[in-house]
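Step one of this worksheet: look at the structure below.
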Amino acid sequence: MEPSLAISLAAAAALALLTLWPRRGLLARWRRARRLAERVIVEDALKHIHARELRGTLATPESLAGKLDVGVRRALQLISDIQGRGLIQSTGPGLRLSPEGRKLALRVIRAHRLLERYLVDELRMPLEAIHATADRREHTMTVEEVDALEAQLGYPQQDPHGDPIPTSAGTLETVEATALSDWPIGMPAKIVHLEDEPPEVMTLIVGAGLALGMQIEVRESDEQRLALWDGESERELARLAASNVFVSELPHPVQPPARLSSLKPGEAGRIIALRCEGLNRRRLLDLGLTPGTLVECAFPGPAGEPRAYRVRGALIALRREQGDEIEIEPFTVSVEGSQ
Amino acid sequence: MTTTTATPSPPEILERAERLRRGLDLSFRDQIVEAIYSDAQRIASHAVRAKRPAGPTWDEKLDRILTSKLWGFPIMLAGLALVFWITIIGANYPSQAIAFALFKIEDWASALFNSLGAPWWLTGFLWHGIYRGLAWVVSVMLPPMAIFFPLFTILENLGYLPRVAFNMDWLFKKVGAHGKQALTMSMGFGCNAAGVIACRVIDSPRERLIAILTNNFVPCNGRFPTLIMLGIVFVAAAFPPAVASIAAAGSVVGVVLIGVFFTLLVSWTLSRTVLKGEASSFTLELPPYRRPNIGQILYTSIVDRTLFVLWRAVLMAAPAGGVIWLLSNISLGGDSLTGWISGFLGPLGHAIGLDGVILLAYIIAIPANEIVVPTILMAYTGAGMMIEIDSLRELQQLLVGQEGWTLLTAVCLMLFSLLHNPCSTTIWTIYKETGSARWTTIGALMPLAIAFVVCFIVAQAARLLI
Amino acid sequence: MTSKRPKSIRERKLPVVEPVPPFREGLRQLGIDTTDWDYVVALAGNPNTGKSTVFNALTGLRQHVGNWPGKTVARAEGGFAYEGKKYKLVDLPGTYSLLSASTDEEIARNFILFGRPDCTIIVMDATVLERNLNLALQILEITDRAVVCLNLMDEARRKGIRVNHKTLERELGVPVVPTVARTAHGMNELVAAVAGVASARIRTRPHRITATGDTARSVDELVALIEAAYPGLPNARWLAMRLLEGDKRVEDALRLGELSQLAVSRELEPAEVATSGAAAR
């Protein structure tokens, strides 16, 4: 009997330790997971209410239940819970955020958009895959961590879809934009925002070769599709997808996009603008690729890519993707002659 | 100025900065960088008078050739082969001479000990154990390193390595990695631990991790002696003497290319599975070519690299020599410990084309890959067999004639040496650089697993076909 | 045996044999001996400017020299003596800028700002001056105790590039010494300039970046505030720009009172700075 008693005592002790160990025990883990789950559902609810406010159609318990994938009863319970904490206003038919609630919602949105920026810029995840990851991790970050991330990314102003990132002070710029499906034919426009949900539509948009900052003009449109002109070639976009592309007015006619990557060896150009954000932008600027700089394409690599460019006397190799991010105006006089 | 207090407190300053920032145009960060560059441009235009030469400069001509579609890759390969060829040719005779001298000393010293009446185990442990380990390391490693490092340093100082990275970037882009990985790989030729540290030049954390985890597939100088010895003993021996050294160099280049292939394959796999993502931004400066300073190169590469690496190997080889001697001379039930352990590892070794002694040597050599070959030789000759191996021909006789090595053994050993786990220093460096026990474990075990699988496939296929 | 050998290997790294370049009176290389220094000197510059060669020429050490970006990844230290004073030379990672916040840039910037070197040598490649000025101008915003080492003058000449170091000196407001570090040309002049700046015998008036418009106004407003709080700070303008950008490290330094220390050190005599610094370490 003695040994078996000792063994069971030891097992009981081990089990107790495993369960009750502070911070790492099962109990502590379970508590943490519950706290996180609660935080997730509250923050997601606030995000939904905020999004509806922006759109102008206020959220309802039903819409909330649909968004969070819970029953209406649970949604109502959640609403009264949030209301109890003073995060939403108690008046009116629809749900409206209180100032406190808006602050919290913007904090989550800020974390989300910065995370997306990080996932695209630093981890190079494909555009359609980042939303889910950011959705998960936005709830686990502290305010300080989000601030640190912003600093690390070099203070980007937009997320990869073109949405503005709320500042640490809690201000959010609003983008004046019209859906491409409502845009008049023949009027030059600039793409300012791409809606990333649902991902299937986003795939269509990316597949049509549309990107943020692009200059386009609608040539023709019918029930099914739109014919777009980017100054160089014609592109087709399904009408369904066009309502997820947002544009604003362009003060001049659509110009063919001249990019650094389009220069052939021996040709030169002057930089007009950088079409990237955050760290990528900072790195290019630090290499001396500032607007107004004269750049000459020196020679391509054995495989045609990357290419070496002469910038301010130095030789810098860039891949096609970096070259695409740099908008130039072709410089006709040869560089040799100008120096 | 609205300040009322004489000395503003830190929170006040921060608050003001925050307020001012909000009032600024969002592009003010760009403006600061642009302001710096426009000042730089102005100052440079005042201080610099450059007359641009009529034709293309020497640098430009060199770049055209070294990065051309036609010549870029052949020149890279030829350069690598040339470096190995010179190393192999040049290292042969000094190696023999050093080995001859050092083993003579062992004979004299052990004879002296015996005549003084020292117990046999003391003579054996000191001279046939520790000293012999040292003698092997010095004679096998010193000459190739003293030739290889200066040659490699010349390429480095010339400014050729960034061109290699430039030429190879498209491959790394295809596998979702960073072109500067080629630079870290070049560093890995010297030492994998240094290569892992050099991965800091890659900004993207994902791509840096890929570069760290795959750096091991570049054979470091600790493993080159193994490859070069095998190249000479097995590959060169199969060819007529006139082309023997070229064949040996070719085989080492082949091994390096296999290493590059596995680097790309593993990078590709990683960036499609656990480290999912597309290739990130790539910017690389191609510095002007510089005339190498030969005196400085000789000094740096011999003192800083050769002696440093040799010293590390010596530190590891001395205890390893002692351990092997003990294992070979402590008998248990009629067989030495070496016999027992290698017998136990034998079936596993055989399955992957090696034998038990080689696996034992790899286990003993985890602290430093340099001592693998010496340990194998010690284990083969250690059990009291007094064979003098002072030339590579005799080495071949020992391995082929006595221990039954075949070309398959040599090929599998080359592959195993190329692919197996990094040495303990590199593992520790991976831990320090990644700060993660998980990635360190992967970095250590993944190559080992790949080595076993590849050698197993090669061995089994060869046995089936031949 | 094992206890004695490592020493002799290490001794080989010292210039026991003889320093290779022939030096005139004055500079004495001290190798890795950095004890009891009077002044700390930082060595900064773009990658590939011959920074390691300058380091080796000054200390007699043999730091590894390679011609590719990002080669110096660890921080190296060495020592030299000049006119009875001992100097500790700290080789910072080679960077193109101090703004992108990569690990290397962080290390370099933090050392120049918080390490309070008595002098910072900015090594510049004479063949691509404009590009090198980016870093130099940023360093001059942080510290006014700097000397420019205009290296690779021989390469520049070979390429038909003429750099007027006097003009550059006037523009930058700090001593500019043309050198060929590979053959140790100009090293004595460099050390003399470093000694002058470190001991405050040479007064510098570093170039300041010209900001425009709203940015300039905001910077000025913040500078006034910082200078009121920390009189004597040598880099109030740079700190103001960093605070405007929202630099976390600088914000922390402000909160924790590190900035007041930066201000204090300027008011001491150079000799006192050195001794108080030595005691603190």
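We call the chains A, B and C, going by the order they appear; numbering starts again at 1 in every chain.
One rule holds in what follows: a residue touches a chain if its C-beta (ideal position, glycine included) is under 8 Å from a C-beta of that chain, and two chains touch if they have at least 3 such contacts.
Nothing here was measured: the structure is a model prediction, and the numbers come from that model.
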For this session: Could you tell me which chain's Cα centre is nearest to the average position of every protein Cα atom shown?
Result: B
Seminar exercise, completed: Winner on contact count, chain pair B-C
Problem set entry | Cα-centroid distance, chain A relative to chain B, in whole angstrom | 41
Problem set entry | Separation of chain B from chain C, taking each centre as the mean of its C-alpha atoms, in whole Å | 34
Problem set entry | Per-residue overlap in chain B, given as positions that touch at least 2 other chains | 29, 33, 37, 40-41, 50, 52, 203, 284-285, 287-288
Exercise. Hey, what residues on chain A touch two or more of the other chains?
Worked result: 154-155, 279, 282-283, 286-288, 312, 314
Exercise. Listing for chain C: what residues touch at least two other chains?
Worked result: 96, 99, 127-131, 134, 245-246
Problem set entry | chain B - residues contacting chain C, complex | 1, 3, 6-14, 16-17, 20-21, 23-25, 28-29, 31-33, 35-37, 39-41, 43-44, 46-53, 57, 153, 156-159, 161-162, 165, 180, 183, 197-198, 200-201, 203, 284-285, 287-290, 293, 295-296, 299-300, 303-305, 307-308, 311, 314-315, 318
Seminar exercise, completed: Residue set of chain C touching chain A in the complex reads 96-97, 99-101, 127-131, 134, 245-248
Problem set entry | Residues of chain C touching chain B in the complex | 2, 5-6, 9, 12-13, 20, 47-48, 56, 62, 64-71, 73-74, 96, 99, 102-104, 127-131, 133-134, 137-138, 155, 159-165, 167-168, 171-172, 182, 207, 209-215, 218, 221-222, 224-226, 228-229, 240-241, 243-246, 251, 254-255, 257
For this session: Provide the residue numbers of chain A that touch chain C in the complex, in ascending order.
Result: 147-148, 150-152, 154-155, 168, 279, 282-283, 286-288, 311-314
Seminar exercise, completed: chain B contacts chain A in the complex at 18, 22, 26, 29-30, 33-34, 37-38, 40-41, 50, 52, 60, 63-64, 67-69, 72-73, 166-167, 169-171, 173, 176, 179, 203-206, 276-288
